[in-house]
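Below: a set of structures, written as structure tokens.
In what follows, chain A forms one complex with chain B and a second complex with chain C.
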Partner chain A sequence: MTRRVVVTGLGAVCGLGLDWQTMWDGLCQGRSAIRAWRLPGVDDFPVRYAAPVDDEAFAERYGADEELNRPMERRARFGLAAAGQALADAGFDASGTPGRVGTAVGSGVPERDPHELLHAVSEDGRPSWQTLYARRAGLNPASGLLCTNDALAASIARRHRLRGPALNFSTACAGAAHAIGHGLRMIRRGEVDAMLVGGADSVLNLPTMTGLHLLGAPSTSELFGDRLCRAFDRDRSGLVAAEGAAMLVLESEESARRRGARVYAELAGFGSSLDAHQVTAPHPEGKGAALAMSRALADAGVAPEQVDCVNAHGTSTPLNDPIETRAIKDVFASGEHYRKLAVTANKTMLGHLIAAAGAPELIATVLSVRDGVVPPTLNLENPDPACDLDYVPDKARYREVSVAVSNSFGFGGLNASLVVRGHEQ
Partner chain B sequence: MTHLDTVRLSAPAVYTAAGTDPATLWEALVAGKDTSSPCEHLAGPWPPLRNAFLVDDPDAATLGVHRRVLRTSEKQARMALYGARLALAGPAADGPVGGPDWGLYLGLPTVDEELLRFDALERLHKVAGQPGEVAALYGREILPFSGLSHLNSTAAAHISAAFGLMGAMAAYSPFSDAGLQALIDGVLSVAEGENEAAVIGAVSPKVHPLLFAQYEHLGWNGAVPGEGSAFLLARRTRAGDAAPGVRPAGYGRAFGAGADAGANAGEDDRADAIAEAVQAALEMADTDADGIGWVLPDAVWTTSAERAQNAALNRVFAQAAHPPVVCTSVRATGVLGPAHPLAHTVLALTGLATGRRLAAEGGTVREEELPVPRALVLACGVRGQACAVVLEGVGT
Partner chain C sequence: MSSDIPDAIVVTGIGAVLPTGRGPEALWTAWREARPALSPYRDPYVRSRRITQFGHVPDELQKLGRDSVPHKLRKFGTPFTFNAVLAAQDAQRQAGESWEAIPEERRGLYVAQDDSTDLGAAAFTKALDKARTDSSAQVGADLQRVVAEAFGNAATFNPFTVIRALNNNTLALVSIAERFRGDCAAFVQDAGAALSALQRALFSLRNGHCDTALVVGAGSYNEALKLAGLYRAGQLSAGGHGRDSLRSFAPDRDGTVVGEGAVALVLERAEDAVARGARPLVEVLGTRLRPALDGGVGPADLAESARTLLAAHGMTPDMLGAVLADGKGTVHHDTAEIELLRTLLKDSRVPVSSVRPIVGTLGAAGPLAELALAPDLFAAGELPPIAHLSMSPDEGTDFVTGSARKRRIDSVLSLHSTFNGFAGALLAKRPHTI
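Let's look at the complex of A and B:
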């Protein structure tokens, strides 16, 4: 059974705002969530910029929500909030959902509290597992030691009584895109009627940021201030980490029609691939990235010439951007169609939401198709000669977008691409 | 006929305390061999366990990789890579392995290991009140590639690089349902033409004190953990291929929405979800409870999941004229997390190929004839996830 799948609900919590409307408005206006940032109490941490969620605004908006104020990781809190928004936006009320609904999310490494293991240090200052065992009741249930990756999907499913499959994808920065793509497939097969899909992540803590820093992933430059995320620019120097969540409700077209639901766009295709190259670097010719895009287009039944826009992975890292450019040129080589594409990098405004990144970027892709707007790539002042596509610099572009591709490429060459197409109501 | 008819499962491999091939695991279970060993991490904390089902950490030579791979991997990823190598040894001898049509589907635990080395805690304790000093300590003490070695999906990157797999992929985490999700979606990727072949595997977490802290938090029933991995290959049948084999005949997956880890609340919902997944798998396989000869339930490690699984199985099979036997590998492997349902799949492939099954009776396991060529493998996630797969012998 093959069914068309449409997007009927959106939700977002990110540095640009606490709902998808504010996020989309910010993206179209070219506002950036990237700001000066520091770890609490640490003045000399080498990473100085990030795109955090506004905790005060979040507390103001969700302070009365008991479920969201239970002890849990930040990513789970953001994810639960975004899920509730998306389900409400789709018109799924609290009393139930139409048919069988599942959940699929991408989430990254658990959020570790740097002090949590001090429970293992005895009075004489020496660490021992016996001490940790004796004090295990004092471990924080909201810290990484006790948190597991399935908690978000399960919490969403439990809260909203979604009885379909509940899956968590662990494919690094492509996690949310994989979750969304598999949600699409499950609806197509008739395994479920609808899926709540997306991702949530928060890496703005000492252990994870240190790990990323030691890999050389985040930029430590202070030359550009909050204009640090410079995808495709000659002076790019690394990713800018962010946190947040975004969720979408996917639904079979028949189900949406039966409910009279508002449809944002059709999610038409999904493709994934592996680089089979190195753990520490993407394939130099972008073969894995190109395979993911080609497969997604084939899955959607779309020719490369039909595509108007690519929402790029665009991390602002030295390796990703030229390699992604090369992959786009390979996939859209026929008739040099790549010259006609509007390629945008949302991370220049959102920062990099790591495992969740594909979800807000898919929302932006969906809204580009619906509204005929391609958000800009900010800070592209001196294009890298190896990055020679139309990246929609500086200002949003108003143009018809019939078909768009959204890319997510994870550490180690785990790739996913999604295809969005306009939907006639 | 279902759309899964074109897929055959082959190349079963396990890396567990019972050995490195399915036949050895089978024999260990029948012989009642004690494959556990003392675990230094358990000497003191988390009684009453003293032994666990441990495996050696594979070295670079065993893995067939450069030593630098060890820097970007943790034992968990290395167990996975070794499992994949064991599985692909046979296919590699028969022809080329890898390429753009070979995919990878993995079930992965979270990497449960302290990021800051344990012996650095004394220094952390001394500077705990000074955030700047704590940050400096982390900068000095965390290993350069910890950002990769602590990322569970790095296992996929290593396997992909080692075998040239560039096909469609996915990785799921962190509990036993992740292993069956990998099997289901890996099989579907082949059935639906996305991959010509899919390497499907899962790995256990490394046995480590933090694992027990997490287990206790989630309602641990005292089940003994094990280490290891299990892999197999899903491949499209070639036209006219009449060779005997095993096919995935049906699957089901659901979530017990009222379930909550570590609590009894929602147990009925969880049992409902497991029963629903099993019924869906039976229906897709075009069979019923009497059509199953062998049930390999999940090696559940929480009291709540254990009760829910038992209730669901009783419900589904109570009316069967010839209820199937039930057997797990747990006494020879321990609880393997995501790898457990795939270790069971490997055992089922062995049984379906030979017309035999394993039956647990009291403290022993006996081998007997498999009356119908179908086995049911279950996985129950800790928080209410449920997956079921029916495997069927074809021409066996």
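Let's look at the complex of A and C:
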């Protein structure tokens, strides 16, 4: 059995807004969520810009939702909110479909509260469970079992009574894309009828940001202010971290038709690969990235010449951008089709949502196909000779997008690409 | 039972690094001899009187694991990811030399990993130690000062901590060390992760996304905050019976004993395995993973889920050769599982055992360890008993107590539950070529 899979619901919580409409409007308008930022309690932390979720606005919108106000990690809170939005947007009620609707989410590093870590330190400078236990009243109530990596998948399944498979993917920055891609496969082959898929992450805490900083991943530059995320620009200097979540409802075309659901687009293909090269650097020739894109196109039954747009991983790191450019040129080499592609980097506006990144970017890809708009790549002021594609600088471009590819690549050399195609109702 | 289905997927190589030792044979022997591999909890950075027992991988085996990883990669890994690399190497070795002819781009890698042990209290304390910070008087009071000293630069905080903390760490290290460039996925959801990894590997093999799949489960519960969370939730045994403290289904059970380990399995399509002269060890039929008790899904629903899995392969519960129960040893989990087994097996006299008292609750490696035992069950024609259990906890279910049950075993259903409310099952059978 091979079934077509369509997107029927969207939800988003990110720095650009607390729903997908606001996010999409922001992307099309070239608005950036990146702003001056301070790590709470550490004024001299060297990373000075990020794209956080507006806590006040979130509290205003979800303050009455008891479940979202229970102790939990930030990413779980954002993920639950986005999941609820996507299911409501799809008009989806899973209660009548026991076991035929599941969830797959991508998540990253558990959020560790530094106070919690300090509480684990005993009087002789070593962690002591007794000390931790004795001080348990002071522990972050979101700690312990609640911050295991699969807590979001479990919470979504419980809250929305999704009794089908519940999967928690952990493939770094490709996590959400892998969750979405495997969700596609499961529906296509009839394992389930629908899947709530996406990702949620928040790295804007001391331990994780410190780890990322010491790895040299986030930019510490203050030269460009909130124009710091400069994907494909000569002066790019690292990623800009963000937080948030995005979810999509995928379902079989038959299921959508039966329900009379609105269809945004078809999710047509998925490809994944491994670089098997280095943990902290992509393959220098972009072989893994190219393989993921080629596989996704083959999976969709789409020729490279049919693709109009690539929603790039585009991290604004020195290594990723030229290598992704090279991989795109390899995949779309025939007839130099890469010259005709509109390549966009949403991270210049959203920041890098790490494990969740692939989900808002897939939403943007879906809406590009639906609306015929390619959001811009901001801050591309001084092109890098090694990045010589059409990156849609500065302003959104209105053009027909029949087929688009969304890329996500992760630490460790993990690659995932998704193909979106227009859908005739 | 259905037979010779064209998309039969078989295991042709098994590697295991467990508290019982290296390889599935060590686990099998310990189970037959009712010899638990649990031991007093120890950690260079954590001391505890309440965390008493643990399923530690023996030190010499840990060292072998570390030595199996190329030197340049070691700074990125943790002890349990090193164990995963060693298990992967053993599995590939058993799969035979001809396996190496499979192109790297056609080798899929599907990984189940436990929550990372890094970015935890131990890493934090190492940073504090290096910063020579006496935090005793400052706990919670002067966060900024402590943080500035401990987190301020790479000299005090390992620059690769975040890489070690990423839960795709095992996927990354195994792919690089063992040259896997194909389709992939990685999961973190306790034992459920292994069921998900297996299911995606089966899918990818059946649908041509890869020509061989390495499924790896690896992890460790040895992280202070994780252990504290489990203790606080009442999941851990007080350890009153020493190494015999994990007492699956026994009236005096008082919690589980968690542990660590890694298991790797080489999977391939049966016809491919036969074509290249490999010996199929076990056929993997499928897995199911569902949100469990907290989601309004009770033992009856989970029994129905297992029954559906069996039916998808032309089987009914009474056709099973054996059931390997989860048997975590907590009051709550075991009570629910007893009811699940009663509902599923209904006087069928299918024998039920559990390896949990021997090896502990392993997390991501757990279901794969039980799958690794299947070839021995088939070959020996016996099902070892549940250690420390003298009387069946339920009259309607045939729990194996006392001595091993001799019988021909052609199929095995193993049951699994997670601390976060998922439950699942794994179905395997004797391959036709043995």
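Keep in mind that, in the parts below, the second predicted complex is superposed on the first by the 397 of 425 C-alpha atoms of A that agree within 3 Å, B and C clash if a C-alpha of one lies under 4 Å from a C-alpha of the other, contacts with A are read in each partner's own complex, and residues count from 1 in each chain.
By our rule, a residue touches a chain if its C-beta (ideal position, glycine included) is under 8 Å from a C-beta of that chain, and two chains touch if they have at least 3 such contacts.
Source: prediction; values computed, not measured.
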Chain C versus chain B on the shared chain A, clash or fit after superposition: clash
So in the superposed three-chain picture, is A:G99 touching just chain B, just chain C, both, or none of them (first/second/both/neither)? second
Should A:T210 be classified as contacting the first partner (chain B), the second (chain C), both, or neither? both
Does the superposition put A:H182 against chain B (first), chain C (second), both, or neither? both
In the overlay, answer first, second, both or neither for which of chain B and chain C A:P218 touches. neither
Can you pull the chain A residues that chain B and chain C both touch? 41-44, 108-110, 112, 114-115, 117-118, 120-121, 125-130, 132-133, 136, 145, 148-151, 154, 157-158, 161-172, 178, 182, 185, 189, 191, 206-208, 210-212, 214-215, 217, 272-280, 287-288, 291, 295, 410-414
Chain B-touching residues of chain A, taken from the complex the two chains share: 39-45, 102-103, 108-110, 112, 114-115, 117-118, 120-121, 125-130, 132-134, 136, 139, 141, 145-146, 148-151, 154, 157-158, 161-172, 178, 182, 185, 189, 191, 206-208, 210-215, 217, 271-280, 287-288, 291, 295, 410-414
Within their complex, state which residues of chain C touch chain A. 45-51, 73, 76, 104-105, 109, 113, 115-116, 119-122, 124-125, 128-129, 133-136, 139-140, 143-144, 146-148, 151, 153-154, 157-163, 165-169, 171-173, 175-176, 179-190, 192-193, 196, 199-200, 203, 207, 209, 224-233, 288-291, 294-297, 301, 305, 308, 418-422
Residues of chain B touching chain A in the complex: 41, 44-46, 69, 72-73, 98, 100, 103-104, 108, 110-111, 114-116, 118-119, 121-122, 124-126, 128, 130-132, 134-136, 138-139, 142-148, 150-154, 156-158, 160-161, 163-175, 177-178, 181, 185, 188, 192, 194, 209-210, 212-214, 216-218, 253-261, 266, 273, 276, 381-385, 387
Once bound in the complex, which stretches of chain A touch chain C? 41-44, 99, 107-110, 112, 114-130, 132-133, 135-136, 138, 143-145, 148-151, 153-154, 157-158, 161-172, 175, 178, 182, 185-186, 189, 191, 206-208, 210-212, 214-215, 217, 272-280, 287-288, 291, 295, 410-414
